[in-house]
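Quick one: the structure is below, questions incoming.
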């Protein structure tokens, strides 16, 4: 035992090494390359050269402020909606699911297994101007006669909400499920009102799930471009659409790289603020 | 574990049960509506896999046919795309789960210098939008084209990269939640660390490893953005869909989508049934 | 990053010309692809057919029967070369970005023939960068069948690197079941009844050419002033909510579905889309449309000889006619018209395949200089993705 213990300090590093090395090589190093590229200037015809072109950053913000703001607006709305929509269901499964729990969870995860793009294309069909959703909304007067859903911001937000819903619902469920039922019963005895018990005990105990869920929804949503591309119109384009077209169509790598960094920086800053508000332990577990 | 939890839950006051019953109905109806909403697009996808469109697009219902299922690979390149996706997902999920489980074990079981940095490095890829992951990897790979042409290996490397963090988080959650006394008991009984790990720890975290594996597989096979940047000329299934959707939507896309869905759900159902049965026996 | 790539290409090209250290050598290397010396050794392997020809084309752009392409089968029967035909080009920009990494690092793209449109910057960029192989003209006697007006494009004056595949028009398509005919740009951009149900094309040249013509400006000679005027016209339509989106080839889905009542559209597409929706119509706007040509090119590393043999094959009038009968675009091959009429007399009246003089007079070509104007391209991109 003694011999074993002496070598023990090495064990965690050996366990960590392969995974961390992979992340370092294929996550950190590429970010370094991306940063380098974001400071290049030139054009695709003559090639790009590194020139400390900080101007890429300011011009990215100047030219695409609208898309940046829209990205965070859409992602924010989608996150809130996803939270409101899925919390009751996560609660229901966690406390009322009984032996059906796993089956119900399966239903939440199931849409995951239809390719993201196919799901979004299906929404394109459902929300179409001649589809039944628009017809019903016309009939009950929610939509004005010429109104539509497809190619609007509403459709984009709805698409984002739907596509990232499992990311919200699952962490919520996990944290709710871990709550000891006896605590809630005690709280209900203590606070007389169920609602008060929920607010004072159940909800705070589910906070780790709320934090994880909102982050897991908000982050991919802010960088998404597929929903805006398939369900939106140009007036609904997000920063992801700009980065994508700069990278894949215009081959304007420095501009795309600088925008990627701005996006990442804003998201990290928001996470830090969020972490300060709710406590870091919730974040990294 | 479940056998410990069950008696706690069943101990409920009768009054509380009555109130809970009333509450259950509101929540139940709401939850059923929620599931209907969740399944709506899936239903559309499945239904339209049986459509018989006259032209290029599979948007309006024209009539029922089995044809698309019988000729699921009639579209050129579709079969190779789905094969590539499956292969990548299989390898990526296995490798990422292995690496991720090791990291999770280190994080939960050992105190060591560099913990915070490790946590951060696991957390960062999760907090980076996919488009940034894809773009940054492409800039790296563009510089390596002489040794590593952009294609199969670059897709695989990328997929393993973004799966690792998900695997770590999944396994870690389970490790934190479980009772260390069981391991201590095993050690007290004279088992060494390795035996304890294989006989006690591993069986206990096996469901978490399986969950990580499934999650990684699902994320990998579904990934479009990162792959789109790093696939070069290779075509995975999502990339095929993206390309096809712009000019035509052959119902075979729905067939494949439905097939993946059905296989995945069947596997998970089997898993649920199996676990329920085991829980009952326990 | 990319500067390194450029340096690699530079060095490779310099090495290929065998004179890294001499001034003329460096100049030749700097001169881009105009120097044909960087052939990569294809000349030694000339006149030996490959087993397989890798051909990347746009979707639904070749004859098809069931799952077969009869013209490709005939090619195989005649030359013993199997054609691996991939419909993997959806728009110029994204296809270019797909092959660009290989080309810039000096690797083969795995393709022998690709097809790109001359109203995008990419064909000329490929030639300028030296990323295409020279045609083996000794294998293409049928080049004599190329229609005269296509023989000297500005970006490849002697057709050393390219041959046209098809030409087509950009005009206006509308759904006659859901709207009155839309035949003017004024209607398309301003008719309140179409609000939110109008599509424009994201291709720089297509939309600009039609809008400029509508403004009374000349799309073949763009100035800052006429460009800005066109941008203002489009911006107004976007701001008023008239325009639903800017589309690539993907306008066809919403158009067939009925989400778009009217849209800018490519000529042959509408014929194919009528299979989805028989109510779709197409016409050049009264103020004029846009005419463009898709070109076959041999990306660097492709088998120039086998590709040239194939090009020669499709420049046989009978084969060109067979392809034409299916795709409904304008054929660049002399004699194909006669062959086609013999084969399918009804088609002679199809103005999409045989454009009338009125149509040709009413079709503009975009100013090639504009395709490389970074300022305009950026402004355009900002508008399209705003």
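Lettered A, B and C in written order, each chain numbered from 1.
Simple rule for what comes next: contacts are C-beta pairs under 8 Å (C-beta built on N, C-alpha and C of every residue); 3 or more make two chains touch, one makes a residue touch a chain.
As the structure is a computational prediction, the values presented were derived from the model and not from experiment.
Novice: Tell me, please, which chain's centre (mean of its C-alpha atoms) is farthest from the centre of subunit B?
Specialist: The chain lying farthest from subunit B is C.
Novice: Across the interfaces B-C and A-B, which one involves more C-beta pairs in contact?
Specialist: Answer to which pair has more contacts is A-B.
Novice: Rounded to a whole Å, what is the gap between the Cα centroids of subunit B and subunit C?
Specialist: Distance between chain centres: 40 Å.
Novice: So what's the Cα centroid distance for subunit A and subunit B, whole Å?
Specialist: Between these chains, centre-to-centre, one finds 16 Å.
Novice: Can you list every residue of subunit B that touches 2 or more other chains, as numbers and ranges?
Specialist: Residue numbers touching two or more other chains: 59, 138-139, 143, 245, 249.
Novice: Mind pulling the subunit A residues that touch 2 or more other chains?
Specialist: 33, 36-37, 128, 247-248, 253
Novice: Where does subunit C touch two or more other chains at once, residue-wise?
Specialist: Expected reply: 1-2, 5, 257.
Novice: So in the complex, the part of subunit C that touches subunit B is made up of which residues?
Specialist: 1-2, 4-5, 58-60, 67, 85-88, 90-91, 98-99, 101-102, 104-105, 107, 109-110, 248-250, 252-253, 256-257, 272-277
Novice: Enumerate the contact residues on subunit A facing subunit C in the complex.
Specialist: Touch residues, subunit A against subunit C: 33, 36-37, 40, 42-50, 63, 66-67, 128-130, 146, 148, 150-151, 232-235, 237, 241-242, 245-251, 253.
Novice: Name, in rising order, each residue of subunit C that touches subunit A in their complex.
Specialist: Touch residues, subunit C against subunit A: 1-3, 5-7, 93-94, 96-97, 100, 125, 128-129, 195-197, 238, 243-246, 254, 257-259, 372, 374, 377-378, 381-386.
Novice: So in the complex, which bits of subunit A are touching subunit B?
Specialist: Per the touch definition, subunit A meets subunit B at residues 4, 8-9, 11-13, 15-16, 18-20, 22-24, 26-31, 33-34, 36-37, 85-86, 88-89, 91-93, 96, 99, 102-104, 106-119, 121-123, 125-126, 128, 162, 165, 174, 178, 180-182, 185, 188, 194, 215-216, 219-220, 222-226, 230, 240, 243-244, 247-248, 253, 256-257, 260-261, 263-264, 267-268, 271, 283-285.
Novice: Per the contact definition, I'd like the list of subunit B residues that touch subunit C in the complex.
Specialist: That would be residues 53-57, 59-60, 74, 76-77, 138-139, 141-143, 145-146, 149-150, 232-233, 235, 243, 245-249 of subunit B.
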